[in-house]
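Sharing a structure with you now.
Labels run A, B, C and D following the written order; every chain starts at residue 1.
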Amino acid sequence: MTSSITVPSTHGLRCVARSQWAEYARPGSTRPVTIGSVRVGAGQTVMIAGPCTVESREQTLEIAGAVQQAGAAILRGGAYKPRTSPYAFQGLGEAALEILAEARRATGLPFVTEVMDPRLVETVGRVADALQIGSRSMQNFPLLREVGRLGKPVLLKRGFGNTVHEWLHAAEYIAAEGNLDIVLCERGIRTFADGPYARSTLDLAAIRAVREQTFLPVIVDPSHAAGRAELVPALAAAALAAGAQGLLVEVVAHAADRETARCDGPQGVLPADLAQMVRTARALR
Amino acid sequence: MTSSITVPSTHGLRCVARSQWAEYARPGSTRPVTIGSVRVGAGQTVMIAGPCTVESREQTLEIAGAVQQAGAAILRGGAYKPRTSPYAFQGLGEAALEILAEARRATGLPFVTEVMDPRLVETVGRVADALQIGSRSMQNFPLLREVGRLGKPVLLKRGFGNTVHEWLHAAEYIAAEGNLDIVLCERGIRTFADGPYARSTLDLAAIRAVREQTFLPVIVDPSHAAGRAELVPALAAAALAAGAQGLLVEVVAHAADRETARCDGPQGVLPADLAQMVRTARALR
Amino acid sequence: MTSSITVPSTHGLRCVARSQWAEYARPGSTRPVTIGSVRVGAGQTVMIAGPCTVESREQTLEIAGAVQQAGAAILRGGAYKPRTSPYAFQGLGEAALEILAEARRATGLPFVTEVMDPRLVETVGRVADALQIGSRSMQNFPLLREVGRLGKPVLLKRGFGNTVHEWLHAAEYIAAEGNLDIVLCERGIRTFADGPYARSTLDLAAIRAVREQTFLPVIVDPSHAAGRAELVPALAAAALAAGAQGLLVEVVAHAADRETARCDGPQGVLPADLAQMVRTARALR
Amino acid sequence: MTSSITVPSTHGLRCVARSQWAEYARPGSTRPVTIGSVRVGAGQTVMIAGPCTVESREQTLEIAGAVQQAGAAILRGGAYKPRTSPYAFQGLGEAALEILAEARRATGLPFVTEVMDPRLVETVGRVADALQIGSRSMQNFPLLREVGRLGKPVLLKRGFGNTVHEWLHAAEYIAAEGNLDIVLCERGIRTFADGPYARSTLDLAAIRAVREQTFLPVIVDPSHAAGRAELVPALAAAALAAGAQGLLVEVVAHAADRETARCDGPQGVLPADLAQMVRTARALR
């Protein structure tokens, strides 16, 4: 728009740089990523929702049904959980993958789940519709290469201590293996303001920065940034207004589950809240 | 909503604590602040717009007319500018106040302008409809007391290095002098992410935190957070979606002025962009 | 040393830029600042110590005697206190200045005390040997000009949210009024790491950056960075090893005073700890 | 010292918590970790030095000889490099391990080298005397478990976006597999101050925090925090004064190599600087 614009150069980016692809030269244009039969970045806001962690068959099926009813297009759920402490619940692993597959059959929703270990990429990739690279793994380069080689869609969260430059180069690691099916996900960064009222500070200016430099779709996870359920709808609306093309939201079946969930309970919204967020997303479009 | 909510206690806040006022017990209810004849926090999104700095009579009158046309309700413009360097343009001072008064007569818009020096509070207060406390002055306690005593509406920006707790207590300094006519304004905080694509990181979770603890209206300045014009509309929309009750926006008359403005040119939006932001604000409400 | 060094340009600095003064062209050379008869930046490590706040004549005289015994060269003590809350103890004001003057007579130590209000610069300047600009006032430009005009030595703390660039330009505001007697004081910045074990993160690389760009002496306040007494000696030693030319340390007369002090008690070291810090400082030189 | 001390609780830490081990109950006492025949945390300051990256046999042997002459006790050198871009030099891999083994034979110094991929832990562990977990891998939990199982000494760097709490729990992941031979290494965190004059902000208060909670030895890497060679000695001295039990330093053979090094050249100190740092370390002890 003006000659005084100074954005980070795409120098160094090759596969994922907008400037390298004639078909995505139009500012803001996106190369959609298809997960199951859902196209992310194709114009519709895509809601990805589900439990933080697969804790049981019953819990997961109940939430999966509820998020499908609420209008979510993709199911999420943790099978392998990155936990600060080795003594915290680490997820049900392969058993969780089977439960998620059953939830997919029951609801018709494709699912995304996190993988942390390059040795498990194939195992997870056999079942999941998309693989999530979590915030702590954003610069786990062997893992990035492995999900690049697998060729299934990847949901790449931004590291909470990482710059946009590093994030885009993490995507480049995946793309360099021949896999362009990458959805970027902003989830908040660490700042002096964290703690008292939010867990991380959502960096919404990053959405615009990312969309200037690349054609990859960008979504936002308001749940981890918020750290508490009441804040999630406001941050979700802000993210969409800022240009996010989808949301990744953690859901609990009942308010009481916030206290008993084995991981990140307090930030789980209720299905009714999710339904409201879907309506807001439609209104904002 | 749940018993697990933990927000910073209002312990220590008296005058501005929601919990101290029966009439503002309803979550989210606001005590409107009247600037000129404009009520901030009364349901309508209030757009405050104008030049970063009053540079000349012509420039200011032109922009004032344009922002009024674009739908802004209040004019902004700097007479006394806080500048990092003593050799940078410091504003036209009293002459700027007269120009702003003329622009008010011409457009009918009340105006807000910054005061930095407690010795100038009376001078500025004689002319301005509201006094702005800038980000660098948020903990200038003698100044806060002085604008508290003056009794005119105050626009209190959050310090870029300050917590929400400190911000609310800065408001308490003003209120403790008997002046509750305070509009809070989030403008971004300093984080490791600053610089390459945005000047500060807008902390939109703070809007919700503030509105939980106090009944004071909260607006957002997307211009200083962005640092460049193209980013302003996206951050403005995000702020409103997150619950901001108004915006403070810097405007240039012509794109070329971004290069020649004596202060913060690159972030000034055009009147046409402002008009679009006004329409977005209406749509979001 | 090598051609690949990239430090922030001194562009914009005039009076305080090393590159502008032939006599300070030698890297690391300092223009000493004389407070009372004490020269800061003249080779000896200067210890500035005393109570956080002047609470009473007895408390101040006792601590003043103790810090003089422990080897401190300059007394510190707050008369006007910048407090987050308007309801917190704000200092004894002019009465505290008289107590500090009495402590000076009793010990022979010159004293430094903070001024926040440009209207009080003359009052404080009549009594104090040096005026402190606190962290929250670093960009209080009218105040900087006023202490510049007064001509007495100034202790300029870095704002906890401010860059080195801004800090040096704040010094330039003072110098531009003809006053070069400025001592810079690093006291920690706000980061995501603050809180659990330290109040701010001491930015010791800033010492070197500052000494590259200016000839002004630089000291460090380990007390506010630490927030608790046991951490102060380690941070003090680190600061001196990193090149600080003095320390600003808060002292309590007795350990029990940490609980009862009206401001920042937990970070006050005992006189015996201060004496040990003086010995460490001598050993490090 | 006083009852008002509030440090993060060791709740959740088991194997590495000082409070769990009667033999390390004395504050500051350390359980030494033996690398080759060098004991880290046994009273002597341990200097670990070498090239950022093994680029060739000649370069590595030359630097290894020089750092041994300069007084370093352990050699460092990168075989597998975590690089922001997939197109940057990624290290020589197994060939580098052989070169490091040759350098060990030539100098008698044991060596430490980074491993990023759990599938390479065994390969690296067959040759290296200690395995480094880099800053980006601090929360790579499968990798932490794998080096825990291997049983060789581990150098665990703090993530630049991670808290002390998370760092200690990362050590707990290793320890939970039965391996207590962990050396912690602070290397700077990301803050708003980064960039202009230092690459990260060294968090020296963390040294004390860590030594309160655990008996594991703690060293500091001043090279990555500094990002430029001239700053390294000052930060190294500060780290030791703050209680670091060793240093991890990057070395170039000749000043000109700073321009041509394939990774992080600008921060490499010369062997003569390293020798001076060894003398400073002895003087500080």
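Everything that follows uses one rule, which is that a residue touches a chain if its C-beta (ideal position, glycine included) is under 8 Å from a C-beta of that chain, and two chains touch if they have at least 3 such contacts.
Computed from a prediction, not measured in an experiment: that's the story for all the values here.
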Chain at maximum distance from chain D, centres defined as averaged CA atoms: B
Chain pair showing more contacts of the two, A-D and B-D: A-D
Between chain D and chain A, distance of the C-alpha-averaged centres to the nearest whole Å: 33
Mean-CA-position distance for chain D and chain B (Å): 47
Overlap residues in chain B, where contacts from two or more other chains coincide: 161, 165, 190-192
Complex interface listing, chain B residues touching chain A: 1-8, 161, 163-165, 189-193, 196-198, 201-209, 212, 225-226, 228-231, 234-235, 237-243, 255, 258-259, 265-266, 284
List of chain C residues in touch with chain A within their complex: 190-192, 194-195
Contact set on chain A toward chain D in their complex: 12, 14, 82-87, 116-119, 136-137, 139-142, 145, 159-162, 165-166, 169, 172-173, 176, 189-190
